[in-house]
Amino acid sequence: MSPEASTAQSLAQTAAEMLSQGQVALVIGYAPTEGKRLSPPVFVTTPEEAQRLGFDSRCFGNLSVYLWSPQVRQMGKTAVVVKGCDVRAVNVLLRENVIKREDIVLIGVRCGGVGDLPAHKCTVCDCRDPQGCDVVVGDAVDQPDGAAEGRYSAAEALEEKSLDERREFWQRQLDKCIRCYACRQVCPLCYCKRCIVEKSTPQWVETSAHPRGNLSWNVVRAFHLAGRCVGCGECERVCPMNIPLGAINQKMAKLMEDEYDFRSGMSPEEKAPFTTFSTDDTDEGIL
Amino acid sequence: MSRAMPNVPATTDDHALIPMDYTSSKMRIASIVDETSDVKTFRLTFCDEQEGEAFDYRAGQFGLYSVFGAGEATFCIASSPTRKGYMECSVKRAGKVTGELHQCNVGDIVGFRGPYGNWFPIDLMKGKNLVFVGGGIGLAPLRSLIWNCLDLRDQFGEIAIVYGARSVSDLVYKEELETWRQMEDVSTVLTVDPGGETPEWEGEVGFVPTVLEEANPSADNAIVITCGPPIMIKFVMMSLEKLGFGHEGIYTTLENRMKCGIGKCGRCNVGNLYVCKDGPVFSYSQLQELPQEF
Amino acid sequence: MINLTIDNQQIEAEEGKTLLAAATLAGIDIPTLCYHPAVPSAGACRICVVEITGGGQPGLVPACAYPVQEGLEIQTESERVVASRRMTLALMLARSPGATIIQEMAQEYGAEPVPMDKGDDDCIMCGLCVRVCQDVIGQSAVCFEGRGHERKITTPYDKQSEVCLGCGACAFICPTGAIDPADYCPHPLETIPNDFNCGLDTRTPIHIPFPQAVPNKPLIDRENCIHFITGGCEACKQICPADAIDFDMTDEYVTEKVGAIVVATGYELFNPDVYAEYGYGRYPDVVTSIEFERMVSASGPTTGELVRPSTGKPPKTVVFLQCIGSRREQGGLPYCSKICCMYTAKHAILYKHKVHDGQAFVFYMDVRSGGKNYEQFVRRVIKEQMATYLRGRVAKIFPSDGKLIVRGADTLSGTQVEIAAEMVVLAPAMVPAAGIRNLAQTLRIGYDEHGFLLEAHPKLRPVETNTAGVFLAGACHSPKDIPDSVAQASAAASKVLGLISHQTLTREPTIGIVDEETCNACFECEGACAYGAIGPKELKDRKGEVTAVVAYINEGLCQGCGACAVTCRSKSIEVQGYRDDQLFAAINATGR
Amino acid sequence: MPTNKLYEGVSDWLQSAVETLSAAGMTVIAPTQGEPGVVNLTRVTSAEAIAERYDNTLLPLKGQFFPITETLLEFERCEDGDVEIQTEPLPAPDEVIVLGCRPCDAAAMGTMDKVFQWDYDDVRYRARRDRATLVAFACTTPSPECFCTSVGGSPHGDEGSDVLVFGLGGDDSGGRVLLKVNTDKGRQFIDRLGDRVRPASEGVQPPSPPELARRFDTDAVKAWLDEGFDSDFWQQMALSCLGCGACSFLCPTCHCFDIVDEATWNRGQRRRNWDCCSFSLFTLHASGHNPRPEQFSRCRQRIMHKFKYFPERFGRIACVGCGRCIRACAAGRSLAEVLTEVDARQKG
Amino acid sequence: MIQTKHDQDDTAQWQPRIVAFLCNWCSYAGADLAGMSRLSYPASIKIIRLPCSGKVDPMFVLKSFERGADMVLVSGCHPGDCHYTSGNYHARRKLKAFRELMSFLGVDPRRFKFSWVSAAEGAKWSKLVEEITAEARELGPFRTFPEAAKTEASQ
């Protein structure tokens, strides 16, 4: 049996067991389908359907985004299939009281990286073995070397450019934004009941897809994810306009690591840098 | 000018197209009346006199009012088309535009485009007994029609008005309510929800449907026009059924969110209808055939 | 109760008391050398002898050791008594001719030294030291040694003793001042300078900080107390008749909930030793005004006698220098300390009162005498020639021939002057109390670059600060004299009363409010709030079931800073008075 | 004058077309390659810029007529309290040639026309529409997500285009082509090209369209939708939908919009922006009542609107099977799959 | 376009527009003191008072740029002096990150200033305003934001 098939089998088995024993009412996992670019999410409620579960290198999605969906919550206790990197998002959700650990079951799957050429996040991944899960399936996988160096390569490449070059680059990129908010909707951490762009009194962020509104929107999104973003890369993946949102997220994540020695989602306890401060923070640049 | 006939879906072949560039006419606020803590009635006059003279509408129609800088919002026209020279709307403070509107003063300029939508079937109502059932700010569209009918009093049979609000302070058009109460040929029942009364309150205490049942208007040759919060409408319908009213003779207006007012922006779409074009006035039987998305 | 008669006076005394104690209680003085209430009587010196004239066996008895008896009749100054004392003193005088107290008493009783070997030891062998060390301190570091003529007081084996705590009780108790603890102890107690008197005299470890202290009670300075250093001593505890000494008492932080705070931490003086040219700290006769103030004070180190620190003799010429550090942009403080002109004038008068033939000079920049009757006061000093006022700065002070040469300029006459002074008094600038910045930061009130605290508004709210409930009084706010300090303090007090005399507190409505519909309950805001004002709140439906948990801001605790509002991503918190729509409008208006 | 006539274009017809039309003061819009793998319609002045191989443009054609954001009017509040309003001038009447949209996008304009030109005639839309000639390039290799044949279209569909161009050498853009004139506008376009095109020789026929299986039957779909409003199918099928606007924004027939004012202190613009029925705020009332409160009801609306309400109202399906929504979907959802399932349910 | 006087910036007389967010207790009081002490500083600065520098949301800064600010200044109490104990620390952390983000996106970080000015530093305030005004003048008008809205998204 191929490693993929055996992982699929253990997933199906685990899910079927959980469902038949009434441990959970719903299992959210991936349903790899022939000919698709993405293994789409599947919502399994019966042991029979559990057969659809599987795992392959097209399982990009970070399924933790569904954990706080009102519909999913209504269905009862939920198990979710998570890659090691997805666990980080779960950790943030736990930290921010969005979900309670006792309401969910985490089925971790060891992941060797997703994408044809492994996605950037996978080449710098340092959490292929899911931590803190209730069950972990899949064969042991190798951790890529030198994960830390390349972690912020996209941001660093831009940092090296001049201010003007960066402006030119981002103007071109952000002008493309069509304000579909797919980046927001897919982000497991954009769970706000009312996103700031939807607050109309006052309307801080203009909703028109012109460069001004777009810049504000992307700045606000990035800022709201600063110190929280776990780098799952979903926003960049789903952006229909191919805006390299990951580079912005990396920039902020790098700042958090450099300044505050903080990487988001490494545990469900730690506090995000923006909810606290240190008296030793730098005064650099302050007049 | 409005073109759609009541309750008849307009189609492309109906008539010539009306060019539309979404511009607004300028109107000046002539007066402001504080109805309740969050409802104000604005009387507006066209800045361009000719435009004002040419302006015509029917009770039940709405327009898109704008505060420049805040945006547009939909309100029904609350004054009667029989009263010329001005137009009124009653606005509940709810958000951006309504909030800004509440900040406006007499003399300020606002925008208006309309009238849009269909209207109450006033032609069908002629010779009939009329029952108006209103709740809260829902009296605004009814007010237009009530004055319209009162100004043409001899064309209608008996007129009954049942109106209620959560509390005495939430009643709108207080002076007019008193005028209607004084009228010999109109039976007016006013009510407030239990707990909403004051020591001076002389009207009923109770929910609109209950009070309506007590008032017991005759279903014979009658047309009911009702408007109010969805939950009230639901129970009013049950009461009307009890009183023997058929669905055909009951009309109400919908408030689905809308942006263009002319059947394009897609927001008010319910089933194959556009509330802005095929409504906002609907008969109860019509509503029952629609997906319950209003 | 026992009734007896002393010097023909009917006296009641508790059973067991000595005659000495009973007499002292009745106000009858019986001289003694070897008696101290802290140690058991030994009757060693025999100065306290009295005569029993009735009610018992007549004869001379030591008052310090003889117990009271019913019906005793005592004479304390009878001829026999006086003769006995004269004899005793004569012997003592022969042994310890140098001891002042013996000389004085001998003179009083007309005692002449008996012709015998003249001793040179002040010790009169009363043994108080031995007893205090053994019975009070509990150490026995001193003892008698030798016999007869050889008998002396010393440490065991005549060596510095490890047993000795260095407490100095022996030296303290010794009536003749014959003991230097340093002889006995390798690490004797240091003398403790008396802060209140600017270190011009010393104090004991247990002391009342200063006259008029509130409460006027002694306190133990643990750092210097021999008990806290060695675990022994406890002399104070032994002698305290009220049994008020409790070594277990510790400093405690008292936490009080208060409705208002008045900050009145006052001032300190700028240390003038930074100006080498004045020699403060080097020349003992250069003193600061506050030192001078203590020197001339009746409660001061010299009980009001003005003397030169170097010689102990009254200074005949005193030069006062004003504006030391004040009004000095470079190397000093730019502001005027406001009080020095007036107190220097006062000092000139005080000086004249103490040293009638003395001569006073005042170097000043210009005399600032704004205040009721102040100008008249200064005029009087000048007119009545209590001091010679010289307008100008002093360039240098240097010692010469036991005097201090003060060289300065008299800018009015345009001449260089040189005064040979016996004392120089500097009037240093007023600076805020040390630690003021810490305090201000704790109270969250502002201060200026010098540390003077900031009022909320210089004209309209001069006693309030920016923190509600915190008020200012006195020199912590700006240099002030007593009338100004009192005026401001009274104002602060009435502000406080105005505040706390109401049932409810009116406060600014600037507080945060949570939009319960959109709150995500992430509680990120909780972490941002410095006041712990945010907590969870359960929203319930009509049936009382919890439908959601949201953030809740306690309006009593919230200060309205808005940190939470910024932390909240979904903009679910608004700060009243700084609502988003208001700020939005303000920002919009900048684009006008 | 007969339409539906075939012309042959010589190998540099495209280059010449761009030059000639530009020289005549027209705006030529054509698919160009921006970033790797991304083709969009932009203004060109030379044929070199035109993308050679592409499935379809990332953004749909509709944006050329109904821009993602557009100014409707400008206003300024004057010091004296008056407001000055200036309606945004209509787009300049100079002609626009869209050279190389796909047949599905051209067909989609039929849907857009219906909305913008019934009862009230959107002058801005009309002005842009009237001045534009659509020259569609027939598809040779549909992408896996395409399903035009299921909704009545074809990789070689005529509908909506003024001219339909078939590559004869296999290549999409350049090379020898066959041009099929569908409308008068199309004829004018051909006329402008002069000698670079000539009537096709006898017997030359357009190549047959590539195979693309029909996946579902819209009549069956409609029949099921007529009854299926309350089916629990919707809740299941919608679970994975994240409620973003990617599908609608890229859809060539989605036409919902929002009108907003954006102003600085005293002046600003009223704008029309694309909007999307998947957004939870789309229908939210000021009272807090939301007629479509859950994601599934919004998913249902999107499908119902395209395959039931719109046809009932305007006589045509509001979907042309371009597959963009499937490609864009963040959750890997497929409209075609959903409809296939609906079809299957109807057929039992 | 409606033409107004704002459209024609007379470059010779061009005054930068600086929006300053000042905390109520320190910097605003400092600016006030400068005023009371008759210290002059350029009128180019438009002051918005907030309770605390910790109340400065990055949104405010963005919005100010959108509204045509050539420079934005946030000023609060010196570290340790915050009236609310730590608001300025929060601000320091967030606004530093914000500046870095803006700079990363190509917005000149020199256009966004942060300062500590206490209530007693009227002189520092007036000097600061003078300096940053000079710098803003040197940087020239900041058109990126306000003008962006006029261009419709390219497509």
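Residue numbering begins at 1 within each chain, and the chains themselves are lettered A, B, C, D and E in the order written.
One rule holds for everything that comes next: a contact is a pair of C-beta atoms (placed from the backbone, for glycine too) under 8 Å apart; a residue touches a chain by one contact, two chains touch by 3 or more.
Going by UniProt, the chains are A, D = 4Fe-4S ferredoxin-type domain-containing protein; B = FAD-binding FR-type domain-containing protein; C = 4Fe-4S dicluster domain-containing protein.
All of these numbers come straight from a predicted model, not from anything done at the bench.
Visitor: Name the chain whose C-alpha centroid is farthest from the C-alpha centroid of chain D.
Guide: Chain C.
Visitor: When you take the mean of every protein CA atom shown, which chain's own CA mean is nearest to it?
Guide: Chain nearest the overall C-alpha centroid, as shown: E.
Visitor: Centre-to-centre on C-alpha atoms, which chain is most distant from chain A?
Guide: When every chain centre is compared against chain A, the largest gap points to C.
Visitor: Given the two chain pairs D-E and A-E, which is bridged by the higher number of C-beta pairs in contact?
Guide: Most contacts of the two pairs: A-E.
Visitor: Express in whole angstrom the distance between the two chain centres, defined as the mean CA positions of chain C and chain D.
Guide: The mean C-alpha positions of chain C and chain D differ by 91 Å.
Visitor: How many angstrom between the C-alpha centroids of chain E and chain B?
Guide: Taking the mean C-alpha position of each chain, the two centres sit 48 Å apart.
Visitor: Please report how many Å separate the Cα centroid of chain C from that of chain E, as a whole number.
Guide: Here chain C and chain E have centroids separated by 51 Å.
Visitor: Could you list the positions in chain E whose residues touch two or more of the other chains?
Guide: 63, 66-68, 80, 86, 90, 94, 146, 149, 152-155, in rising order.
Visitor: Note the residues in chain A that touch 2 or more other chains, in rising order.
Guide: Residues 178, 196, 201-204, 206, 208-210, 213, 274 of chain A touch two or more partner chains.
Visitor: Among the residues of chain D, which are close enough to touch at least two other chains?
Guide: 59, 68-69, 75, 258, 260, 262-266
Visitor: Can you identify all of the chain pairs that touch?
Guide: A-B, A-C, A-D, A-E, B-D, C-D, C-E, D-E
Visitor: Using the touch definition up top, name the residues of chain E that touch chain A in the complex.
Guide: Interface residues on chain E, with respect to chain A: 58-59, 62-63, 66, 79-80, 86, 89-90, 92-94, 96-109, 113-116, 128, 132, 144-146, 148-155.
Visitor: Given the complex with chain A, which residues does chain D contribute to the contact?
Guide: For this pair, the touching residues of chain D are 35, 37-38, 58-59, 68-69, 144, 235-236, 238-240, 242-246, 248-250, 258, 260, 262, 271, 273-274, 276, 279, 281, 294-296, 328, 330-333.
Visitor: Mind pulling up the chain D residues that touch chain B in the complex?
Guide: So the residues of chain D in touch with chain B come to 72-73, 75, 77, 81-83, 85, 87, 90, 114-124, 229, 255-261, 263, 266, 268, 270, 272, 275, 277, 282-287, 289, 291-292, 297, 301, 304-305, 308-310, 312-314.
Visitor: Enumerate the contact residues on chain C facing chain D in the complex.
Guide: Per the stated touch rule, the residues are 517, 588-592.
Visitor: Hey, which residues of chain B end up touching chain D in the complex?
Guide: Spelled out, the residues of chain B in touch with chain D are 3-4, 9-12, 14-15, 17-24, 26, 66, 68-72, 92, 94-95, 98, 107-109, 111, 229-230, 255-257, 259-260, 262-267, 269-272, 277, 291, 293-294.
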